[in-house]
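Shared between the two complexes below is chain A, which pairs with chain B and chain C, respectively.
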Partner chain A sequence: MNGLFFYLFGFLAVALGLAAVLQRNVIKGGVALLGSFVSLGAVYFTSGAEFIGIVQVMVYGGAIIVLYLFALMTMDLEKMKEEPLRLGFVSAGGFLAGVLFLLIVYGAMSLEGAPSLTVSGAKELASPLFYRFLLPFEVVSVLLLVATIGAVAVGRREE
Partner chain B sequence: MSITGYVILSALLFSVGLFGLIVRRNVISLFFSLELLLNSANVLFVGFSKLYGNYYGELFVFFVLAVAAAEAAVGLAIVVALYRLKGSVNTEDYSSLRW
Partner chain C sequence: MIEHFLSLLFIVGLMLVAVPPITYLERKVLGHMQQRSGPMVVGPHGVLQPIADAIKLIFKEDVIPRGADKLLFVFAPSFSVFAALLAASVVPIGFINAVPMKSGLLFVMAMSAISIYAFFLAGYSSNDKYSFLAGMRAAAQVLGYELPMGFALMAVVILFGSFDFNEIVKWQQTHGWGIFYQPIAFVIFLIMMVAEVCRPPFDLPEGESELVGGFHTEYSGMRFAAFFFGEYINIIVLSLVVSLLFFGGWSGPLADKHPVLGVLYHLLKAGFFIFLTFWLRATFPRYRFDQMLNIMWKIFLPLSILNIFIAAVEALFVG
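After this line comes the complex of A and B, so read on.
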């Protein structure tokens, strides 16, 4: 049952991600990306990483995509008319992406074993996060502070 | 499902993101592709964390999430500032930094 849902939501995530990348209308692309991220959250659920799944839906779906869509509302969508994709770029991108995909899958052929489907909620993750990874945690909090101040400073209108 | 499923899902997401990064000329779409790249790494982190039975991989997903949020905030601020300056979000109008 878990495997079925893994493949279903994995397929959904890839298909919606492809739609987000190829969609000419940026708002529609953002909504497709939102669906892709929610499907990825479901993929995490099927593998037992429940807390990561919830955080994925909340942070990626609820915060990041909404931030993008909110910023898009301040722009003029009529000016975003993009000329059609160029054949040279499409072939180069398709070739590179295909080669990369084959390389990654070829490299993973030597791996074996099935992931154990133990449930990891907030309780299991809290202890390593706040003991072993305390310093990276604090560094990330400083990074978020710096990013907030930087975003305000860059986005401020010059008087 | 085996670990190969996770690797194939991650590779597909990464390929889609890379394809979008090369093909598109809209900065917002480039950001979408970047988020896909970060998510493909997250899938692999979770898969290997479950494979080896410890939580360190899942913790790294948190750090990736925080960095992605910071990147989105700063990147969008830069894009909005550039949009005010040039009136466009097409990368070909941003060629003043090119040598």
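After this line comes the complex of A and C, so read on.
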């Protein structure tokens, strides 16, 4: 039963992800991306990682897509529709996507067997994060702080 | 398995059946608070008014405005009900627990976070300036309340040491109600809850006096009703959650011997918070948009972060 839902939501996540990229209407694309993120959360659910699944829905579905759509709605969408496809952008994006795809395939190849499906709650996730991987965790948080301060500094109007 | 299924049926049934009487009660309560009688015509003291409303809504013509984004326009109201019912399914009422989940509290949060898309998409897809503005307001509001609400809940979770509703109630049965430990979290959560369901004084996305009807200006018939079902189910669910987190849920005198009493206690506690939303609606004027953002970001966010430290100290001593 779980396996069936795993493949169903996995397929949905990929299909909606494709729809998000191919959709010409950006708002609809954003909604498709939301569907993709929520299906990804459901994939976590079916593989036993309940906590990560919920956080996925909450952070990506609840916060990030709202920000995307909020920003998109303040723009002139009609003007964006008429924007022609530029060869430079398409080829650069394609190149990056290709590199990313190869990296993921490489990562999947180097995996030894399927990851064990233990039910993971908040505690099982938190203790390695705060003990074993404390330094990388803190480095990432400093990186995010730098990004936030940078964004505020760039976004602020000159007085 | 059959037990879970029956519980799920009960909870979903309860949510759907409870909405019409609640709308009636709301109008009555509002009426009496404003020195009027409220609905009086249909049936004795207007008790049959919800049925009349339902018949009207069912037979009303369903209009999709020209130039609307049809797919999203049809999708948005059902999304509202869908998210609300999903959140309802994990909240235990007494011994009735449809989907026992280790991270139940977080799941309710996630569902309420995505339920705002119903307003947002309705506002966008209607192809109407008022609805569009309402959609923008809904998006800004969700960014405002989500953080203080999350932090307030984190403080509570640090104290209880669990996301599981059953564990949370068990903790309170031995240590006393959560409100005695976390009054600040309670106040913040209560206010954010009103903002979350877009009820006055935080009904900015609806704003009848300035935006006509806000996100549901262009909706009619059952699609319009779906928004109301979503909104009221959300109120019921969040009231149940508040009474679970801060008022011991189904604990009370004799509740451990007679589980049915526990269900009753829980529903009564939740009923008080449902009444509170009517009360707030009758008492406070709507916040202006900038005022709403100001209090969310400048008062409640720092306060809720401060409260996490209080919770950590309490957790050290009480454990």
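Here is the rule we go by: the second predicted complex is superposed on the first by the 121 of 159 C-alpha atoms of A that agree within 3 Å, B and C clash if a C-alpha of one lies under 4 Å from a C-alpha of the other, contacts with A are read in each partner's own complex, and residues count from 1 in each chain.
Following the convention adopted for this analysis, contacts are C-beta pairs under 8 Å (C-beta built on N, C-alpha and C of every residue); 3 or more make two chains touch, one makes a residue touch a chain.
Just so you know, these numbers come straight off a predicted model, no measurement behind them.
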item: Chain B versus chain C as contact partner of A:Tyr131, first or second or both or neither; value: neither
item: First (chain B), second (chain C), both or neither touched by A:Ala63; value: both
item: Of chain B and chain C, the chain that contacts the larger number of chain A residues; value: B
item: Which superposed partner A:Ala122 touches (first chain B, second chain C, both, neither); value: second
item: First, second, both or neither for A:Ile54, with chain B first and chain C second; value: second
item: Touching partner for A:Leu34 - first (chain B), second (chain C), both, neither; value: second
item: Which superposed partner A:Met75 touches (first chain B, second chain C, both, neither); value: first
item: Residues of chain A at both interfaces, chain B in one complex, chain C in the other; value: 51, 55, 63, 67, 74
item: Complex contacts: residues of chain C adjacent to chain A; value: 69, 71-72, 101-103, 106-107, 109-110, 113-114, 116-117, 120-121, 124, 132, 135-136, 139-140, 142-143, 146, 163
item: For the chain B and chain A complex, residues of the former touching the latter; value: 1-26, 28-29, 31-33, 35-36, 39, 42-43, 46-47, 49-51, 53, 55-56, 58-59, 61-63, 65-74, 76-81, 83-84, 87-90
item: Chain A to chain C touching residues, read off their complex; value: 25, 27-28, 31, 34, 38, 41, 50-51, 54-55, 57-58, 61-63, 65-67, 69-70, 73-74, 119, 121-122
item: For the chain A and chain B complex, residues of the former touching the latter; value: 2-3, 6-7, 10, 13-14, 17-18, 20-22, 26, 29-30, 33, 36-37, 40, 43-44, 47-49, 51-52, 55-56, 59-60, 63-64, 67-68, 71-72, 74-75, 79-80, 82-83, 85, 89-90, 92-94, 96-98, 100-101, 104-105, 108-109, 111-118, 120, 124-125, 128-129, 132-133, 136, 140, 143-144, 146-148, 150-152, 154-155, 157
